[in-house]
Structures are given as structure tokens and as C-alpha cells.
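Note that subunit A is present in both complexes that follow, paired respectively with subunit B and with subunit C.
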Partner chain A sequence: MKSEPKQAGLRDARTGSRAGLRAGLRAGLRAGLRAGLREFLLHYPAVFTLLLIILVSAVVGTINPNFWQLSTLFDMLRSSVVTGLFALGVLIVLAAGGLDVSFTAIAAFTMYAITVAVLKHAPNLSIGVIMLCGAVGGTLFGAVNGLLVHTLRAPSLIVTIGTQYVLRSLLLTFVGTALIINVPAAMESFGTLALWTYLPASGGRAILPAFVLVLVVAAGVTWWLLNRTLMGRAVFAIGGNLAVAERLGYNPRVVQVFVFAYAGLLAGIGGIVHVSSNRLANPFDLTGTELDVIAAVILGGARITGGSGTVLGTLLGVVLVTLVNNVLILAGVPSTWQKVIVGAFIILAGSMFAVRTAR
Partner chain B sequence: MSTFDTARAVAPEEADARRAEKQFLEVRDIHKRFAGVHALRGVSLSIERGQIYHLIGENGCGKSTLIKIISGAQPPDSGQLIIEGQAYSALSPIQALKAGIETVYQDLSLLPNLSVAENIALTQQLVESGGHLARRLDRRKLEATATRALAAVGLPGEARFMHQRVDELPIAMRQLVSIARSIATEAKMVIMDEPTTSLTKREVANLISVVDKLRAHDVAVLFVTHKLDECKAIGGRVVIFRDGQKVLEGDTQDYSKAELSYWMTGRHLDETRYRNEQPQDAALLAVRHLSRAGAFADVSFSLCRGEIVGITGLLDSGRNELALALAGVAPADGGSVELAGRQVALTRPADAIAAGIGYLPEDRLSEGLFLEKSIQANITAAVLNRLRGRFGTIDAERAAAMADRFVADLQVATPGTALPVQSLSGGNQQRVLLGRWLAIDPQLLILHGPTVGVDVGSKDTIYRIIQRLTGQGIGVVIISDDLPELLQNCDRILVMHKGRLSDDFVAAGLDENVLYEALAAEAGGDVKTAEAAA
Partner chain C sequence: MSFTRKAVACAVSLGLVAGAGFALAQSGGKTISTVVKITGETWFNRMEEGVKAFGVETPGVTTTQYGPPKADAALQGKIIEDLIAKKVDAITVVPMDPSALEGVLKRAMDRGIKVVTHEADNAKNTQVDIEAFDNKEFGARFNERLAKCMGESGKWTSFVGSLGSLTHVQWADGGAENAKKYPGMTLVDAKNESFNDANKAYEKAKELLRKHPDIKGFQGGSAIDVLGIGRALEEAGLQGKICVIGLGLPRDSGKFLESGAIQGIGFWDPKDAGLVMNKVAKLLLDGKEITEGMDLGVPGYNKVSVKKGPGKGIIVVGQAWIDVDKNNYKDYPF
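And now, the complex of A and B:
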């Protein structure tokens, strides 16, 4: 039996044997620490994500010291922004007990349609107005998701798979299929605007793009919404138990429309940032990246069953996924292997958090 | 909607005479139908401030439906609700809360992923905003309200407890949290739907002191309950429902327990011992030095064929864990179990089932039944391999025959076995679950709280079934904190304390107070000395 040594220790302790007492204490302490660490990680899943980030960085950095450069960090941040915006949307929908997979289609539709429209009708439109258009468009699409989910009482995963297909098809049929290389001037300059440029003595340069601020603001607003407003608490209430929340006076329709509209808003903005940073608009872009984003949110400690998750954890999850997708190449790991690592991490995180010990 | 068939239990003039300023809520001629079932047939009721009401009746009598209508969870088909002179044809949850009607639901209606403080005090801010969510969360107020409410129900108010997630709390504490929520705001009426189900006697006493405080503040309290003892002990008005109608309203002190249960069921029930069989002389179960770290230690007892052994103890006594160990759900880590002369290793539920041990869990809704599945699927769930036909598919005819047999045998009231289990009342659900374990041809049944949330009439039926089973040589272990239940049904009663067996009583002729003393005395003064010795 597993607890044999500990029991033996206790028995000896009772008869007064010093060595036995020490053995018993040591076994007890070990068990306590193990349980304590598990409890701790269950309460603060973000710490687990952080540990994985440190682990990956340490391994890559040891194999290839070139990793330790400011430009690596800036590149990471640059590639995190769009995923991060999407992830915050997924987080808030998950917190309310739903799952959204249509955000990439919403982002693709709004970014491409707006790029086409701006080029055609108002090529000199400022980035602020373009961003606003993306936000409004995304919000409208998201609200439709929310209304469908609420009125049909259908699982949101199914509904958003449906709207994703519809949106993609509408985009390619009515808006266009051509790659646009000359994006509007405002988007081009927004994408290249540097918040800070670092010129190391060794040559080369590291640029921190200004659009990183979009993610910073979005994360701040999302955090505030979730933790400092009644709406935020209602989101978690609905995600915890819809029937109970309804009985307690929370209006599920308002909450569901809100979370999907908010996820749509972030997707719309994410789309604009995507075009700006790539300086091209491709209607086929972003397809198939849904799982990467959901993986990031799950790795950030949110449970797929809903009702949990934090903004900080989600951002760490995004960093972890971006890290694995971008820097493993520095360690000589072929890019085809990246998904193996992400997959293994997800299984690891899932087994850590999903299985709660029976009371 | 027709109201011709209503029989008003209280004459209108009489009600008028009582309607002074004391009246808070009047329910007038409420009807409600669900898919052909006439759940409420013209119910009228008047609730006065500072008065305690006990709404009792069998499962399915309509009392839960009335609660849902008063708390705004469901609209009535016809009739009126009059709150402080204002008439409503239906209430929304927010309207009910705003009017000061707070409800402690039987399922507690807590949000598992939110903190204790949020569960208690968020509603206050939601009601103040009229249900609008575009508001800032006032965290200081949240904590102040929660602290006040926690103190009122006797729970700790320190930050660490307040920020704990509710799903990490033990059930009894969750119940208190739910009660704390109902009194966190200026409630004028508190409805408690079977609030004492998972509480021990001491916690019930605590709850009663909370109720006394509420009454002193002129709050009306409406208990929905099965427990006639508590109804008599707490006092106040009693309202009895049967078949969707009010059949009795009066002072609790004017009626004996036997009279109350007669009004509930419409028949006279035996209050005496059910035990009518003699255990056989053949040993069936021998538990030797069974231990599980942190739960129980060195538990030894034996049981003969056809014998009923009761096990009781306080919540932390290890009785629940012992039940789970015998069922293979949470295995023991030391000691042995011998069944019919053979040593059995119970490391998973399948081991227990293979050995012929059936386990009726404490919470049939979340641990026992597949609520949305049919009665047949629930009864046959543990014996599917025996119902295998050709090509490995389930033989539908045999499965249906098996379900029919147990439904008839256990007197489950249902029009057919294809209906989902959730369409049944609590007592009938419990019998379906019992049927599942009888289907495995058990040698031993472990019944964990077999009549929790089951009404008097159904209890009677379940007890008779248990007695009959022992006549077939099945051994039964009943784990329960319902002491009359143990006294009425068992041959022997074991008491657990701090993970160890402390007493072994012969049930026949045992006084309930003696048994309770054995449970509670140890919880008091003896604890410290026991800890010091350890």
C-alpha cells in the first residue's frame, strides 16, 4: 500500500522511536507540500503558465544565447497583439459559459471590407475612424451571435461555427478574394509607428510597435469590466450556473448579447491591427487560428467548462503560445514540432486543472 | 382559465377580518399547469409580518410551484399576488427581491464559481440597480454587507473566508451562506425551501436562532419542509397542501404530528418501528481495521445476512467517507473488507458492483441519477453487460421487462419507464435508484441518507421496501443523520466520532435522546481531551 512508510513512521512514533518519528514527520511534510503546491496552482493557475514560460525561455536561451535580446521580446509582443485581442474576447465568452469560434471570421470580414471601402471611398481616413469602424462592425456581428445563442438556446459553439462559415462565405462572395497590397496610408503608418526604437551597439535594431498599446488598453478595459462592474460579475454568474443566475435576477439575454458583442468588438479591432501590422489585407487570413487562441486562453487557466479565467492568466497564455510558435526555431526545433509542444502543454495544464480531487 | 373547481380553504370574510396592517403578502386564487398537470388549483394564502409559516405537503403537492411563483421564478397561469396593497399578475425575480421577498432554495442556488461575499451581497447591488448591469461594482459595500450577514448566521467574517469560492465549502456551510444571502438585505419575507436537509442538530439550532432574530425584526418566514418534528419545535402557523390545494391552515400547536401527517398524505401512517424481520445467523460482511488517511481509522464491524446496521455521526465523523470507501468510490488505504467469506478489494465502484455491493449515494441528483435519461436507462445502467443481445447491442425487450418489474416492485408512480427520471418526484426518483442496485442482485446495500428530501408518504414506502429486502437475505448499511429513521429501521446502530467507531447500540428500545447524547456529547468537552491525547 502506498502510505506504508508513513504509517510505519507513525506507529514507531507512538512507541517512542526517534528515527520513526522523524521518518513520519518527513513523509507528512512531503505529502503536505505536494498537496499545498497543487492547491496553490489550482487557485493561481496563472503561476503555472508563468512557470512554463520561464521553462521554455530557459531551455531556448540555454541552447541559443541569441534568444536573450530585446528584439526577441519586441518580436514576441508584436506577434502577441492580435492573438491577445482575440484571446480576451474568448476569455469573456468562456467566463459566461459559452465558446466563440467565429471571431476570426468576424475579424477577416471587418478588416477586409473596411480596407476595400476605405481605399475606394475615403483613402485619407484617419486610423482612429478606421479603428472605430472595425469596432462597430465587429460589435454588430458579435451581437448577432449573442442574439442567436440566446433566442435559439443553442450551444454557442455550434452557433458560432455556423456564423463563421456564413461570414467567410459572404466575404469571399460579395466583398472580394483579391489580396490587397497597398493598404490605406493611415493603416500603413499606424503599423510602422514605433513606440520606441532601440539601436544596440552591435548593430541591427529592435522596434517596439505602437500598436502594442491597443492590447494594453484592451486588457485594462477587459479587466475593469470583469472585476469592477456588475456586468463582469453577471458574466461569471451566468457562466457558473445559468439557471441559478436567472433565478437570482440576472438577465441572461443582456449578458449573452454583451459578451458576444464584446468579443466581436475585440475581433474587429484585432482585424484592423492585423492589416496594419502586415501591411496587406488578405481575405483568407486568420482562418484556422481559432484553436491557437482558445489554447492560449485555456493555458492561461480558464476552464473550458466556463465560469472562470483571468485577464492576467490569458495574457500569459498568449505569451506562452506565441513563444512556442516563434522562438523554438531559435533552439533548432523544426517548426513542424511546435504544435507537439503546445499540445503537450495543453494536456499538462488540462490534467492539472480539470481534475479536481473528490471531496 | 376556469376557477370553478377551486375549493377555498379560508372563507373570504374571515381573511378580510385578519387583513390588518400586519399583512405583507396575499396570494389570491393561483392556478398553474405544467404540460397537463394541474399543479396548483386555486391556492390562496395570506402572509403576515413577523409570523412563521410552515408549508408542508408531499412531493408533487404544489408547494415548490407556489414558492417559485412567489419568488418570481415562474409566472402563474391565473390569480394575483398582492404585496403591501400592490397587485401583480406575475413577478420577475428582480421585482420579488425588490419587494423584500428572499428565497433560500432547496438546491441553495449558489453560484459555485463566485466568492462567499459575492454570493451573499451581489444581489443587493443588482436589486438597487433594478437589474441593470451597466453599473460599477461597489466592493466596499459588498464586503460590508457580507460581513454583516455572515455574523448574523454565525459564520466567520474574515477576508480569507469571504473570498473563498463557494464550491470549495462543505455543504452545510453552503447552506448557511445561502441563508446569509437571504438576510443580507432588508428582507420582509424569507422563504426557506427545506433548509435543514444537510444540517446537523446544532446547525439547525443555530438556524432557528437566526429565524427568531428575523421574527423579532418583523420579517415573515415561510419554511417549506418535510420534517414535522422541526415544524412542531419551531412553532407558528402550519399550511398543508395536497394535490395542488390548501387542505389545512392553523396553529402548529393545535395539531399532533400524527394529525399533520394524516392531512399531508390523506392516510394514517405508522410511526412505530418498521423493523419486522430477524437477521439470519450467517455472517455476510466483516470490516476489519478499515482506514483512510484523514477520514477514518481502524473501523471494524460485522453484519449478518438480512441485518440492518445504521451508522451515524456528525458531519466530520468520517461516516460519509466510510460509506464511499465501502462503495469503492474513495477507497480505504488500510484494513480489509470480507464479503460472504471472501476478501474483496474495493478500489473502484466497479469492484463493489462486481462483489454485489449496491451504493445509494447521499445526493441522488448529482451522484446517482442520469436525470435526463429514461427510468429504464437508469434502472438498467449497472447491468448493461447482462442485457447484451446479439451483436453486443442491448436487448430492448429484456431491458424494458427489467425496468417494468422494478417499477412495479418498488411502486414507482409513473405512466411509463420511457419518461425521464427528472419528471418524477423525489421519493420516486429514489426508488428508481434503489431499483438500479436491486438489478445487480446485491448481497449488500449501502444506503447513504436514503430518505433525504423525501416526503413522509414516500419514506414510509421506502422503509417498507428496505425491510422486505432484508427478508431476502440482503444485508443493509444505512448511513444517516436522521435518528428516528435509524431507530425505526435498524437492528444495530454504530456511532462514529472523529473517524473512529465510538458506540454500538442495539436499536430496539433505544431512546433517541441517548443516541443523540452519544453523538453530541463527544462533540463538546471530550474533543479537547481527545486531541490532547493524540
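And now, the complex of A and C:
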């Protein structure tokens, strides 16, 4: 089906008259280009995401030139970090054919419990150790998810909806409900550490926070895992076709526990970054951001049915979703209409991806 | 469990119940029980101070505060059931979800127990609902302080927790109404939703600063809004140059009040709310009526207005807001 337009063009070219030949050639060329472009987008869906980012930027920048500022870029990067960490976790679970919606609950639990524990028992703990605690806590919760999914043989969406509720309840019942405004000193200074400070002539200042490096490192590690290790190959194999993968000797138990544990690890780190950048710990935070994150991964070219997805695409998807969520005031959309616009945008972009993947 | 053990257990628990009843009867006076949304939270700990204070300073009245360990309307209902069984004389309650308590509160009233509610002006089964203030007036109050801070001119905007939280929207509208008095003040991009998330408030504040580099004021809605806006201003190095006024709690906002990123916060004191709920319950027990302009003897409730509620009861509205800034936030330790 893919090569059909090209053939049609050639057929035209074969049918006699000179004008017909020229028209045929032109049509053939155009059709060929179109087919080539489609082929190209099929192989590199991230390009499409990038085009959407450029389009949104151009539209908003035309409506309001105030968009073109370094501070816009810095703020987008800043708000992409936590979403990005979550999205990388969702990507790897999705690639293995599962779906995780419990990561925000894992993040909220680990960030709040660790903040409370550090304040009470070791207020001078360094950020490295705190981050490690977050990673370990998140990994444990994630591994439980993975074990449940494997042993119950239940859809991972259902299992993680369950664990999400359980974790949130446990957090609010046993750990606490109060807002913590004075977070440990190490977290506060990590959150305010600047990679680069820019002082625009117009006054004020724009800061590129150092914690964006956390996402850079996480993205690098995730890329390496997916593309350069045996585990990465197993993840895509199991996500592509479980029965075939099992016959090839991949162990679904190991892979499932691994992907959920890894998503938990990233969620735990994301939680710590959230508290550090926010400089307060609120156990009610992060609720309801799951769908934004999943949308970002899908808009980054991963398939909801599993077996595909790239780190670069996911990062672009995160930038796209963050962008759309943070330019509506600039574009002059009234508060009551903002969710409508975000929703419509996701439907539009999502359906374009659906057209792209329909073969 | 063997029969004898069971019998002993029964006897012991019967004894306990009898003892408790005896203790209640012994005190001779009236018991007023206050039920809050959640136990152990700073807000309701502060309320308990008021509840206890009323019991101590009023002879012949025993006051106690109860609350579920987590914010859950069903658990709150259970506690009220227990109180009905214990035959307390009056129940005052801050409902999680007024509609979820209608049934149990009706049962209490049918048994002759006096019922007073707080922050539930849509509750039908209550004799008196107490509101700390009129929401539009509260919003206007924020805006008046914002106007003073901005020198009555310049661009300003408002935040709400969400467009679905009625009170927040009323505060924002009350503010906008008030700002019309000052021709120099321009409201831009009103009612930004923070979704009760400080980070969302932060991101929106940053975007607003980009769109309106000359903005002069922010009016916060949810108690968390001022924290996010304050952090945005601090990071942009604009603290003290832009006015931020909104709902907030002294302990949470103190850091930003000190740094000048927030100019002022407003709230109502849960201690006074606890006091006044019990005071009204006592008036009901004494068979007295609450009338327009009455002085309830609690700060902010010296000249209350009375209107009809959605049920048979009345709604009593005070002017119990408290304006707090850098200089006096330490007086309110909650």
C-alpha cells in the first residue's frame, strides 16, 4: 500500500502525451515525496513531535512576542524535569507492554515520608543520600507493582490503579497530611542551585536550575538501558509479542519486575526533585498529573499497545506537553477555556499519531 | 473465647459504660461535643484551644473535641452516631461534606440534641450555621489591602484553587468588584487555577510575569497560592517590588512574609471559630435566640448578621477575618 502512489505516478507517465507525461512526472514526484515523508515519519515519529513544538512556539510567539525570552526556555526546562523523569519510567513500562499509573503516588509517598524522616532524625543529611533513599524507596514500591502484575496475571493498569490508591491512603493515614514548609537544608540548597543565572536588561532574573542535570543523566541511562543492553532487547521483545519472546527464552517475570522497579526508581528521584525545587513538601501534590505524563509519552511516538518508543521522542513529548500547559496565559486564553484547549490539542495531536501508525 | 471469659468481658464493658454514664451524670452540667474534619492538623489543634477554653471559662459546661484520624466524611458520621448514643446535649461540627452528614444530623436533632455547624451554609439539618465572614466581603478585603500596597494603580491578577471551588471564586469576584473603585487598577488574566498545588501557582506566576512585565499585584485564592507566587517572585529577584496578598496560614507563609515576597495574608482564626460554635450551642441550650446585630462576645463576632439557611436553621455571619503581615504573624502560632 505504501508504494501505491508512486506506481500511480509511473502509470500516468507511461500513458502517452507530453503534457500527460509532465503532469505524471510531477504527480509521481509529489507522491514519491509524500510516501517518503510518511516513511520517514514512521521511522522517526519524534520528528513529528518536534514539528508540533515548533508550530506551537511559532503560533504563541506571533500572538505574544513576550514568548521569545530566555526565561521561557529556562522555565520550560525547569518544569519538564519531574514530568520527564516520570515519562521515562512510563516509556520503559509501556515498551514492555504494560501501563503504570501509580508513579505519582510512589513519588508522593517517598518524597513526603523521606522529608519527614530526614527532618526528624537526620536534618543534616546530604542531598546525595536523600536522593539515594528516594531511589531505593521508589524501586521497592515499583518492584511490588511488578511482582503483583506478574503473579496476579492482571492487567498492569488495574494493578497500578490499586497500588496508587493504597499508597495514597497509607501516606495520608500513617505519615501525615500537613504541609511541610521548612524542608531539609540540603534539599533547599539543591533546589536553588543555579547552573546558569541570566540577568535580562528588563530587570528580574532567569535561573537555569542545576537539577535539570538529573533528567539529563536519567535520560542517558534510560537510553543506554533500552538500546545497549540485553535487558533493553528483552523489554522490547516482551512488549512486542509476549508469546514469541517467551519462546525465545526471555523471562517475563524478570522483565516485568525490572521495568516497574525502574519506573519506581525514577518516580522516587522525581519526588525528591519535586520537593527540592518546590521548597515545600505537600502530600497532596502530584495527584492527577499521571495522564499528562502518559499523554507526553504517547505524543513522543510510543505506542500505547507497547513494543515501541524512544527516549528522545519521550523527551520531546514532555517538552510539548509542558509547553502547551505553560503558554496559554501568554496566548491570552481565559482561565475557563484552558483545559478545553489542552484537551483539544491532545485529541488532535493524538489522532495525527494514530493516522501515522495506521498501516 | 471461653464462656467465662466472655462473661467477664461483658461485665467489664458494662461497668465501663455505666461508669461513664455516672461520670456524665455527676458533672450535672451540659456536654457540648465538637466534631472536626481531621484530628491532629494544626488548624484543628488551634480550634481545640478555643473549644477547651470555652469549657474552662463557662461553669456547668463540659466541652470536648473529636475528629477522625483522616479526612473522611463517613468516619465523621460514625463519630456523630457515637455522640448521639452517648446522649450529649449539643453537637457542633465542621463537616467534611455537609450533604454526607444530613441524615445523622437529622437523627441528632430528632433526639433533642442541639446542632451547630461551621463552614456549611448549604447544610439543611442544622439549627445554626456559623460563617466567619461573607465571602465577597472577604475577597474585597484582600483587594483593598492589595490596592493600598499597589498605590491604587497598576495591573493585577487573581488566583483560585480551582474554578470549581465556590468560595475561591467568590473571593476573586469580590476582589474584582472592589478594584472597580480605583480607575488606575487593571485586572488582567483573572482567576488563574493553581489546583491547590504550589508548583502550579509558581509556574502560572512566572508566565504572568512574562506576559505582563509591569504587573504590580497578585491576589491569592487557595492557601497555597501565595507560597507559589512568593517563590516565583523571589527567584525572579522581584520580592518587595510586586504586591502579593491572599489567603494563607501564618506558619506556612512566615518565611515569605519575612523576605518581602508576600506582603500580607488573611484568614480566620479557628480558635475563635471553636469558641463561637460552643457559645452558640450554649445559647441554644439556654433556650435563647440569635438575633441580627447580636454580640457573641468573641472577636469578629461582635455584630453578627443573621439570615435564613436552606433548611429550618439560620446562618450567622461574622466579620472574623484577621489581617496579618510581617509584623504580627508570630502572634498566630498555627
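Observations on the structure shown:
Everything that follows uses one rule, which is that the second predicted complex is superposed on the first by the 318 of 359 C-alpha atoms of A that agree within 3 Å, B and C clash if a C-alpha of one lies under 4 Å from a C-alpha of the other, contacts with A are read in each partner's own complex, and residues count from 1 in each chain.
In the analysis below, contacts are C-beta pairs under 8 Å (C-beta built on N, C-alpha and C of every residue); 3 or more make two chains touch, one makes a residue touch a chain.
This one's a predicted model, so the numbers in the text were calculated from it and none came from an experiment.
Of the two partner chains, neither subunit B nor subunit C is touched by A:L70.
Once the two complexes are laid over each other on the shared chain, residue contacts for A:S335 go to subunit C alone; subunit B is not touched. The partner that reaches more residues of subunit A, of the two candidates subunit B and subunit C, is C.
In the superposed model, A:R228 lies in contact with subunit B only, and not with subunit C. Once chain A of one complex is fitted onto chain A of the other, the partner contacts of A:N326 are limited to subunit C, with no touch recorded for subunit B. Judged by the touch definition given at the top, the superposed model places A:V255 against subunit B, while subunit C stays out of reach.
By the touch criterion defined above, A:G240 reaches subunit B but does not reach subunit C. Comparing which residues of subunit A touch subunit B with which touch subunit C, the overlap is empty.
If you check the complex, the residues on subunit B that touch subunit A are 71, 73, 92-94, 97, 105, 107, 109-114, 118, 122-123, 125-127, 129, 131-137, 139, 170, 293, 329-330, 333-334. Put simply, subunit A touches subunit B in their complex at residues 1-3, 6-7, 227-234, 236-237, 239-241, 244-251, 254-255, 258, 307-308, 358-359. Remark: subunit A residues 64, 66-67, 69, 71-72, 75, 79, 169, 172-173, 177-179, 181-182, 192, 202-207, 274, 277-280, 282, 284-285, 288, 325-327, 329-330, 332, 334-336, 338 touch subunit C in the complex.
Against subunit A, the residues of subunit C that register as touching in their complex are 38, 41-42, 69-71, 160, 163, 189-193, 195-199, 202-204, 206-211, 213, 224, 227, 231, 235-238, 251-252, 254-255.
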